[in-house]
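First chain written, first letter: the chains are A, B, C, D and E, and each begins at residue 1.
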Amino acid sequence: MTYFLQLLVSGVVVGSIYALAALGFVLIYKASRVINFAHGQYIAVGAFTAYALAVFLNMSVWLAGLIALLTTALLGFLTERVFLKPMVGQPIISVIMVTIGLASVIDGLVHLTPFGAGNFSFPAFLPEGGIALGGISVSYPQLLAVGFTALFLLLFGWFFQKSTLGIAMRAVADDQMAAMSLGVSVEKVFALAWAAAGLTAAASGLVVGAISGLNLSALTAIGLKVFPAVILGGLDSIAGAVVGGIIIGVLENLAAGYLDPFVPGGGTRDVFPFVVLLLVLWFKPYGLFGTEEIERV
Amino acid sequence: QTVNLMWSGAITGPTSDAGAPYAAGVEDYCRYANETNAVPGVTFNCIVRDDQYNNANTQRNFEEAIDLEVPIFLGYSTGGTLQLKPLVQEVGVPVVPASMHIGNIDPPNNDYIFLPTTSYSEQVIALLEFIAKESPGAKVALVVHPSAFGRAPIEDARRAAEELGIEIVEVQETGANLDYTAMLTRFAERGVQYVVHQNVAGPVAQILKDSKRLGLNLKHAGAHYTGGEDLLRLAGDAADGFLWATSFYLWNEDAPGIRLQRELGERYGRSEDIIRSVNYTNGMMAAGIAIEAVRIAKEKFGEVNAETVYQALMEMNWDSGFGVGPVTYGPDDHTGVDHLRVLQAKDGAFQPISEPFTSALFRKVHFQQ
Amino acid sequence: MSVHPVRPEDLGPILLEVNNIEVVYHDIIQVLRGVSLKVPEGRITALLGPNGAGKTTTLRAISGLLVPEDGAVRDGSILYRGRPIHNRPPEEIVQQGIVQVPEGRHVFKHLTVEENLRVGAVTQRNGSIREGLERIYHYFPRLRDLRNRLAGYTSGGEQQMLAIGRALLAKPRLLLLDEPSLGLAPLLVREIFEIVARINAEEGVTVVVVEQNASAALSVAHYGYIMEQGKIVLEGTAEALSENPDVKEFYLGVAKSGGRKSFREVKAYKRRKRFM
Amino acid sequence: MQLQVKDVTLTFGGLNALSGVTLSVNQGELVSVIGPNGAGKSSLLNCISGFYHPTRGEITFEGHDLTHASPHQITRYGIARAFQNIELFSGLSVLENLMLARHTYLRYNLLHAALFFGRAQAEEVENRRVVEDVIDFMELEPYRKALVGNLPYGVRKRVEVARALALEPKLLLLDEPMAGMTLEEKEDMVRFILDIRAERGTTIILIEHDLGVVMDISDRVYVLDFGEVIAEGPPEVVAQNPRVLEAYVGGAV
Amino acid sequence: MRYPWAQTGNYRTSYRQDTTIFATYWEQLSLWVLIAALLVLPRFLERSQMAVVDLIVIYAIAVLGLNITTGYAGLINIGQAAFMGVGAYTAALVAPYLPFWLTLPVGGLVAAVAGVIVGIPSLRIKHLYLAIATLAFQLIFEWIVGHSPALEQGGAIAMPRVTFLGYAVGFRNHHFFWYYVALVVLVLLAFAFRNLLRTRYGRALVAVRDNDRAADAMGMDPGRTKLFAFGLGAFYAGVAGALFAYWSRAVVIEDYMLSTSIELLAMAIVGGLGTFVGSFLGPAFLVLLDINVETLSEWIKSFGITPAGIDVASGLRPLVFGLVIVLFLIFEPRGLANWWRLLRSYFKNWPFKY
């Protein structure tokens, strides 16, 4: 039983990292129906910026983290301005490819810094160890992940359901021209979405950095883990991102816990989420909370 | 006379944390060789290529190298080297990969491939021997990278465990994950005492940290690419007690190769991280083997080509100063440094806890000798 | 009929003035070739004309919605309260009080009815949204019942009401309606036009309405323009236009005899050779 | 009786778009369906053409059960439709749009197609001829190779009807083919509809809000309100029905 | 026509003529000239240059397939490399028993079956959701190979050396031999591609892309059409994969991973999505670009001005790759095919400007 609980708890913790990453992903999709394949790169940029500030400039990790959040938000904002804005009105495949190209560009740029290869780790900024509840242990960086996720969930949940600007963002996703006719600045909405996505990406970068150190390919890989989470939750649902992320985290852990011994070589956690993804797509094409495409003829 | 040399490996992409310092090692040693005129009358033109861990790139690079008439080629990944084997056999150009996969030098098509040091298999078996000595009948789990590289020692390890009377409870493949609770708690439940890794440093560090956080009574050990400064830096004090098998001297030891490495690293402006990296040493040795072979070929046959360099390798016995034993090759011996040591992490540094030795058990289980 | 034809100026101060504009799409397709019109404040102005005449384009030029269609005003000017507004971004124009209800309704399908309305208030800084919503529900009581329904699942007439209501929340001084009767049943057409007339009368909102359904439009409008092939070809008060014989035949479907033309007869006078 | 809709109910999450609709159409008839917005007219058409499947009831066409059939099957039975909101292949030319309607008439296989020899070519040419006839009939010659997306609205509506016609259907379903058209264009469309019927004997079901058109050209009219048939009969009779007047017109015509 | 070569415009006087691919005889002629040029090309190139040309030809085959699935049918496929992989592994398994000219179609067919299976989600989902499903397939494929001892768990499976008409293909002639094989395959598949696209099969693909509901109403089963698109696209990939296996002498999983899928997509986009010539221009451009950037960064490095620890090539290659994609999409969304079109119409109208 403790075995199961331990799997569950750490599944939730890992899941909330996915959830955090998924949040940023969903933000962009929600506003502009764009799937951002560069999300993993933003995560990396956030993490490395914090590292550079903390180590090269000797800032406290907290302050460095804060600045990194803002810088990455700015980066999100700028990429929208420079790369995505000209793509308005182009087919989806082109927009997807722009984000793929963007991922490659950011990768290249990171390689021109000392962070291209190698492993780095933040100076200690959280207390050693963690808390243990009835034999189940959770470390402080993991708690930080859960905290960040909860914070952003509440923030964005409120924003999209209650604030006028949030509703306007959803309106833009639905029908840009109509939104413009009502005075919504589509450009501002997109830029805002990308900035917010940058912010959450940096938050996930910080958390991942704190938990398992910084390595370019490991950080960017999280950008892929986001997909099962958002498909399960529904591409355009904030709550879905969080629930989807956590479910995927838990399922992964349960797979690793209960399936691995039966599969030669194990490693089922790497594939299990994607199998789940396909199943979800088949049985619930719009995920748990995603809005169904309204198609009337 | 200008001799072209080429290294093709992953400076970016998967395993680049090892590949990047390795490349630096190759590059710097080459430069040093030219500056010191290591082979009289020969200047080396060293080309360092990033193949992004992509075999098509490796192959293209290799073929270009052949067109450039390199007498010896420095390779990298397990996959890339295995793929090249038939071609290498056909063109007869010696290849020294960074991968220490025993399959590289197993038949067929193995005549021209030379490992710089002991194989992963031998390293893992050496660790198993160590474990068997420490706690006879121990239960062991093997955690490996999900690739040909990671899977390399599994078969030999199973046979060795049988010989040693220890039990391999599980073999798990794992890349970078954020959390290893499931795997580790299960190991603990199944009575595993030792976890032996064949992986890169990142995942191992994460496993060590999780293992410590969960308060599990597991001891960890790993082959060449699991250890080194990276592991210490990433895992912090969770690395304490980690057992590591490698054929190289460490950056803080007083060995001739290491002195050279420090000096070159500083001279060529390498960061401290690179200078301390065992893969920097590794790259230097690979370049060293190539250049030494060219030297012998030039001295002995007066001309440098694939054939003469191959002949040179066949009789090489070079004390590089980088490895814990001399680099020796022969018709039946395609591993360079035949010795290795077991080291243990303690207070942020690895300390040798054995003398250099070769594993007879490995030879027995693998070559049926 | 008076001796002098009534000019727009006679109906009220000119709120909007379109001077000789030319509009081009994608830099090559010229659609408007010198369109001029005046919109008297507090009145309903109808803009009629066949498909493709450029009515929608004219409205877009005023509201700034040419931008998403890759169109631009090339020549001429549009003055709103004496200030030029052509080629300004739409959000700026909305802020000045001009709101367009696009052709084909374009409700936000995945938002609820009430959320749709709230988007209309996005440019309102501090006005209470509650109050605005109440005002809309006053005109369109049906929307109140549907407030939590997804807009995509409401009927055509309800969507049209929603689109108009949504625009009203932006507190327009000038409301541009593009074919509000499109696809609506006769009952709803009437209802919509009644509400438009009420909004105009009760709140003094100036309205420009583009319509195919000429009789419905002329029944509420004060002044009207007729546009063909990118040019204004006829203008006058609603009454004057309704009396014009050409308008009668081509827009109102009145037969020479005075009664309604029958569609059965079309075969007789337009039959042509074919091969089937 | 060619088409028989029996007691069809269609529910969307609790909302009855159609409840117990019964309707029958004879070979060669022109039947109109009118009713307020949201009455379920399009839903009825969607049920007949297989885009929606009735929750209850059944639909048969010349002995084929349409109730659970998919649109492409139904098309093969000889039913074609034009959509309320234009559903053309906007990236293709008028010609290509119409050639697509010939899909089911082309029988050559993949190998023929890959070699484009013999059968494939012959069939293509033959069907091209049919399509050209339709283009001619609908007076679309000037637009033959124009991209549909760039055409004026009225022409696009006409292409929709032409495409349905290229399927050579026995039953043609038209969902508001004249919405948003000027009087003149409406007259043209009416002319086409009457000609289709006269020259081919095609059965037609027409949904239209313009009562003038409906009253003038229909043989029979069905009136839907809240998913129920509230009146049925010849236009003159229906036009006098007080329930119809109240629900649809809100007073006298 | 009396002087077909003097023809300048597009005179088509029958429906049959209107179905031909080439408007003018000049176009036909230039095609033959092109094929002739391709046939003699190896005479002028070094062996290592031929390796690059081979790579381009092989990728062009895969990109043609991708253009069927993604370009024409509009089904975004982020798993084309996996289909290549299926073809390659199939080839590796059957190569010891079959002559190579049978291995290639067998690889294609098995990949086509995989394509149909992967296409199944397209019966229920669309657009981006479908794109993600193909991504999932790519990752699942990688995992399955990694866990299959029969496939060496992704390690190298050597391809046997081919003997053709009693003549063994070895290192020296390897790339020349496979060039001709790949060229023949490419020409055949390109020919089929062009033909298919002007028949009901091709039209159906475009129809489901544009409007699958209307396609349904036209009597075509959108589901089956989508499966067909996946199957056919995967067939091309499978053949390309089998060729790739021979070309690289061994099958290793790293060649068929996600990054390759993305490169293939990039080639299709840069070439001009849904265009025929783009399927050749895209691969050629990106492969040559990559090699030249490599050379460029080696040149930059030779100045020794870059700080230690930073590898210029490692940074420049992804940077340039990404930039090229992004810039093309922004400034020339129709890809190189559009340049080609402009160039052609320039020559066609020469000496007139328009």
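As a convention for this text, a residue touches a chain if its C-beta (ideal position, glycine included) is under 8 Å from a C-beta of that chain, and two chains touch if they have at least 3 such contacts.
Protein names from UniProt, one per chain: A, E = ABC-type transporter, integral membrane subunit; C = Fe(3+)-transporting ATPase; D = Monosaccharide-transporting ATPase.
Note that the structure is a prediction, hence the values are computed from the model and not measured.
Touch-path distance (fewest steps) from chain B to chain E is 1. Interface comparison, C-D versus A-E: the pair with the greater number of contacting C-beta pairs is A-E. If each chain is reduced to the centroid of its CA atoms, chain A and chain E end up 33 Å from each other. In this assembly, the C-alpha centroid of chain C (Fe(3+)-transporting ATPase) lies 51 Å from the C-alpha centroid of chain E.
A straight line joining the Cα centres of chain A and chain B is 36 Å long.
Centre-to-centre, using mean CA coordinates, chain D is 41 Å away from chain E. Along chain D, residues 51, 83-84, 87 each make contact with two or more other chains. Contact with two or more other chains is made by residues 153 of chain C (Fe(3+)-transporting ATPase). Each of residues 107, 111, 114, 116-117, 264-265, 267, 270, 296-297 in chain A touches at least two other chains.
Residues of chain A touching chain B in their complex: 3, 6-7, 10-11, 13-14, 17, 107, 111, 114, 116-121, 124, 129-130, 137, 139, 208, 211-213, 215-218, 221-222, 253-254, 256-257, 260-261, 264-267, 269-270. Within the complex formed with chain C (Fe(3+)-transporting ATPase), the chain A residues making contact are 88-89, 164-165, 167-168, 170-171, 173-185, 291, 294, 296.
Of all residues in chain E, only 70, 74, 76, 121, 124-129, 131-133, 135-137, 139-140, 143-144, 146-147, 153, 213, 262, 265-266, 269, 273, 309-312, 314-326, 329-330, 333 touch chain A in the complex they form. Contact residues of chain B toward chain A in the complex are 11-14, 16-17, 19-21, 146, 151, 170-179, 181-183, 185-186, 189, 201-202, 205-206, 209, 213-215, 230, 233-234, 236, 271, 273. Those residues of chain C (Fe(3+)-transporting ATPase) whose C-beta lies close enough to touch chain D in the complex are 50-52, 153-158, 179, 182-188, 190-191, 212, 250-253, 260, 262-264, 266-267, 270-272, 274-276.
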